[in-house]
Amino acid sequence: MKPVVVTNIERPDRSSVERLGRYSVATLHEAMGREGLMLPYMRPIYRGAHAFGTAVTVLCHPGDNLMIHASVEVCRPGDVLVVTTTSPCTDGMFGELLATSLKARGVAGLVIEAGVRDVAELEKMEFPVWSRAISAQGTVKATPGSVNVPIVCAGVTVRPGDVIVADMDGVVCVPKERADEVASRAEERVAKEEATRARLAAGELGLDIYGLRDKLRALGVTWV
Amino acid sequence: MKPVVVTNIERPDRSSVERLGRYSVATLHEAMGREGLMLPYMRPIYRGAHAFGTAVTVLCHPGDNLMIHASVEVCRPGDVLVVTTTSPCTDGMFGELLATSLKARGVAGLVIEAGVRDVAELEKMEFPVWSRAISAQGTVKATPGSVNVPIVCAGVTVRPGDVIVADMDGVVCVPKERADEVASRAEERVAKEEATRARLAAGELGLDIYGLRDKLRALGVTWV
Amino acid sequence: MKPVVVTNIERPDRSSVERLGRYSVATLHEAMGREGLMLPYMRPIYRGAHAFGTAVTVLCHPGDNLMIHASVEVCRPGDVLVVTTTSPCTDGMFGELLATSLKARGVAGLVIEAGVRDVAELEKMEFPVWSRAISAQGTVKATPGSVNVPIVCAGVTVRPGDVIVADMDGVVCVPKERADEVASRAEERVAKEEATRARLAAGELGLDIYGLRDKLRALGVTWV
Amino acid sequence: MKPVVVTNIERPDRSSVERLGRYSVATLHEAMGREGLMLPYMRPIYRGAHAFGTAVTVLCHPGDNLMIHASVEVCRPGDVLVVTTTSPCTDGMFGELLATSLKARGVAGLVIEAGVRDVAELEKMEFPVWSRAISAQGTVKATPGSVNVPIVCAGVTVRPGDVIVADMDGVVCVPKERADEVASRAEERVAKEEATRARLAAGELGLDIYGLRDKLRALGVTWV
Amino acid sequence: MKPVVVTNIERPDRSSVERLGRYSVATLHEAMGREGLMLPYMRPIYRGAHAFGTAVTVLCHPGDNLMIHASVEVCRPGDVLVVTTTSPCTDGMFGELLATSLKARGVAGLVIEAGVRDVAELEKMEFPVWSRAISAQGTVKATPGSVNVPIVCAGVTVRPGDVIVADMDGVVCVPKERADEVASRAEERVAKEEATRARLAAGELGLDIYGLRDKLRALGVTWV
Amino acid sequence: MKPVVVTNIERPDRSSVERLGRYSVATLHEAMGREGLMLPYMRPIYRGAHAFGTAVTVLCHPGDNLMIHASVEVCRPGDVLVVTTTSPCTDGMFGELLATSLKARGVAGLVIEAGVRDVAELEKMEFPVWSRAISAQGTVKATPGSVNVPIVCAGVTVRPGDVIVADMDGVVCVPKERADEVASRAEERVAKEEATRARLAAGELGLDIYGLRDKLRALGVTWV
């Protein structure tokens, strides 16, 4: 692929993004039909981390953050930067200086299939990051890559403008065309769960609420 | 194995369980003769997590939490749910709705050789969980398994009614027959360590307290 | 290698060590020319962990902490204990009793390529540890090893007296001969970054500050 | 996503597929601009394994091979089955009975982001498989999934009809639209390498052939 | 646990063991109801490895093969040695000298949740081994353990005298009480598969043979 | 560290290297006092791989093989190339073209803490490689590094001119100063083992040959 920086991308309406941002990653993943969830090695760097926004995607050479620098000027307020590498990497490709720059542009957070550093400072700045590693290992700026091309990050295809939501459970990517549909389904799910929660808290059993007893019997389960 | 739910299990006296609950996992593991400790990939989902109780065991198909639902009604106050899967799995097989249900029954916590989700909510609820992964990945309810059969969880055999203690260091399983013996040994150990701690804090050396100098010499260690 | 305890080691001036202790691991790793960083599986056991000091090195048999006991009396105030094993090990080779002993001698922290236990107590004591695992698994005191010989820990060569700095990003080892040089370079780097930070916070782009636009073009990157 | 079996897919001309099949995975990956390579944990189950063909894609629930069964009838001679799961799985989801069925339909091999079993029999049958695990663990047929939808397998997006080439180095996916272009580039590359190989075998240096000496000097490398 | 060597163990009839030895690991695992399979990281050290026999179990300290030496004299012809360690270990705890000794006693092979060395020699001797690692790392003989107590090896409980079968797909443990029952079920399964294989080879579909079309429809799968 | 290529290194006498080359990795590791062994993830790429020689060391940026190219001209017949990267990497940094070049210079093999590609061709050429991964992933030639500086490879310090021996069990590094001493110890060990082997093959027990019965008793082991 020829290295390219795509400067203008299609983003869904901000209101759609904000609707999605009200729900947890688990809820959205369910609302999508159990798709779009990144692999569980993507972890937040601090407790309480939460972010949502539209994806600006970056494809880097391992150990080289040149294209993260190239991506900053195409970011807009409310974006989330999503970075992957052409092969597995744990280097600290991102730190507080880049976070300072992204914050100045209103970027809401970072999802990176590589390492991150300055995590104590990032927590102080309240700039949330989800990464596969924490590492002080420095990187170079020598090899080209691309910005705003479709990428695969932690097992999920992310296209520029797709909606990213990330919390303590992980990271989910909602395709931009499905933003409203998924938000509506999430809303329904939350409403339904609210009722279930009350019944469970009162001591009713999921076995009864979900009607699972007959299913267990049909599957040959016996009680002794 | 035919899928089965064993509804009544033998539990040791609550007083024995509570005696064990006073000690740390490290102390109990030592008191048992260095047995019964789960592999170190079992980690608490939040800082300060601590739980103890009698095991209700669950054997699930990977990616399928049907049998966790089936296990709820056989739990009693003071139990700890211990879940494993028939093959390796990191899916989020448990979340806050199930925790709500278990809390309503007085269950003290969960140990699961798979993933868990809603970890922020679980921390707020103070429902402690030890798992091998955190993942929002949803599961189905399609394949049978068993409740209250002996299982292997993170390298340790757990039988229904065995005593589980879990803290920031990991998870230990004390066979129910050994509950009192292990509690007594733990008590002795803690008393002995108290004295040692004071001496070490005062600057005495473990080399001298434990009489290791001669051993080192006998093993051929030289000082230069 | 014959097992040996080297009782006297050459340490750099305390003032040099303290100069290094002012900088983050990421900064020092950069100041050294991107050397000396331990592999990213070495993680602090609690949030906010930070330590620096001169290395006392320990080489142990896996599952055997005899030589950690042997190392205590050669430690001096301001040292950091650095422990490795002759083959991969995750056992809890260190706990709060040993920490009590080391604290009594003024040791600043522990870096161990193995497991550690009593992590809740260690946090309360504010004794910082970086390890590859947390495990309650106990160890024996049966097989000899060495103290204060050069070791490899998490991919880095550490010699007795080298300077260790560890924070939330990981662990770096600065060769004692380079202590002052590296501290000076770190100082320069921090000063330079301070200026850059202000410009980035004001909305200037790294692309412009670092002059990367021409480089991107020369590497064939196009903007579309 | 609603579960679906897409029965007719667009495949590139067989001649294009066969052109690609002449080249190694390494060559094709280079010819594509270093894209399309699956992660290195995907390994062949026997020495000498080699396969190429058009992808029929399958998305399964972990531990459930129902959709592999559903995929057989949509396979045509010269296809390669590419299977992934909705979450990480190492179970033996495929064995010699399924291979017998696929061979009867002329399928050239299997790429599966999960486990495989009967590997001795598969080698005897000369049915090549690339997988992330070898495991005898059996699976169920209980949960729906899809056939011939775009999937992510081992970090790479695979669409139905894309060209898969696999050898001892791993697995590459060539987008169907690029089949001829990539084959041509591969051809050029092989021709060029042939000449280079002869020069290297005669003792000439890559440093000179590729003109790297000046580059090294410009990057600050010194010879001592 | 007090260290102990149990010299006499109950073994099932040799004829039962030999019946089990005729079947593959995959077939036996299915015949048992999908139980008893060790985790997939247990791999044979050479192509074509196959073994079966009655388990003599060994529990070792990591990096210490003292108890393997202690186990040799309690082995009988047709046994398989099954070794685990009290905590994770990859050292080469077994090599060709121990294999020479075991061969002299008629032992059929080794299953070890640790490392093994001299693998080239072991292949020449045709002494099959399944291990989690290959490593030349030597071990000591310093710490006690036990022989012929129940152990957990690679996630499976193994009691002395249980039947072990191992092939290129992994390792399965059949409880001695179930030897004949499992052999009978395996025989039935193989007979049934033989018929299925012929139909699949002739081009019939598993979808039809297993009657899965209706199930797919009931689960909501659509064909497009 | 400033990037540098050291063109002349001190190598031990060829006769010493050849003496070491007669022994297995396991034997040499023992003869050294159980030091110098690389971590067990370093595996040969084909069955029967064996190599020995004097180390030429290379330090590369991850995903960048520029310095391997730079190292070729400083290699001499009988050398083994030992390559590491500044941070973890699995890319295929080496393939058959580089092997052709090294073979033309008489290099005996490659040890690389990264990936390798063209493994089928390398086997045909009989150019042995030990690596941590097999991957077709291509690399760039953009970032400087060093040749013939001390490096850490798979947990072991390797200095230019040290003796590398590698076989199916892994890779060992013998410091050049110790070449003759270690060869002599290996010779003694092999002689001694020869006698032991004959006794073990005749049915004598290691317990008796090594005098371990008393030790077991002293350690508290009982026979029941």
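A, B, C, D, E and F label the chains in the order they appear, each numbered from 1.
The definition used in the following text is that a contact is a pair of C-beta atoms (placed from the backbone, for glycine too) under 8 Å apart; a residue touches a chain by one contact, two chains touch by 3 or more.
Keep in mind that what you see is a predicted model, and the values were worked out from it rather than measured.
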Under the touch definition above, the chains in contact with both subunit C and subunit D are A, B, E, F
Across the interface between the identical copies subunit A and subunit F, with over half of residue numbers shared counting as same and under half as different, the residues used are same
The pair out of E-F and C-E sharing more C-beta contacts is E-F
Note: subunit D sits from subunit B at a C-alpha centroid distance in Å of 42
Averaging C-alpha coordinates per chain, one finds the centres of subunit A and subunit C separated by a number of Å equal to 31
Whole-angstrom distance, CA centroid of subunit B to CA centroid of subunit E, is 28
Residue ranges of subunit D touching at least 2 other chains are 2, 34, 40, 47, 86, 88, 90, 135, 137, 143
Touching pairs here come out as A-B, A-C, A-D, A-F, B-C, B-D, B-E, C-E, C-F, D-E, D-F, E-F
So, in the complex, the side of subunit F touching subunit C is made of residues 1-2, 32-35, 39-40, 86, 88, 150, 152, 155-157
In the complex, subunit F touches subunit E at residues 24-26, 29-30, 34, 37, 40, 43, 47-48, 167-170, 172, 193, 196-197, 200-203, 205-207, 210, 212, 215-216, 219-224
Note: in the complex, subunit E contacts subunit C through residues 61-64, 86-91, 135, 137, 140, 142-143
Note: in the complex, subunit A contacts subunit C through residues 2-7, 46-47, 66, 69-70, 72-73, 90, 92, 95-98, 100-101, 103-105, 115, 117-120, 133-138, 141, 143-144, 146
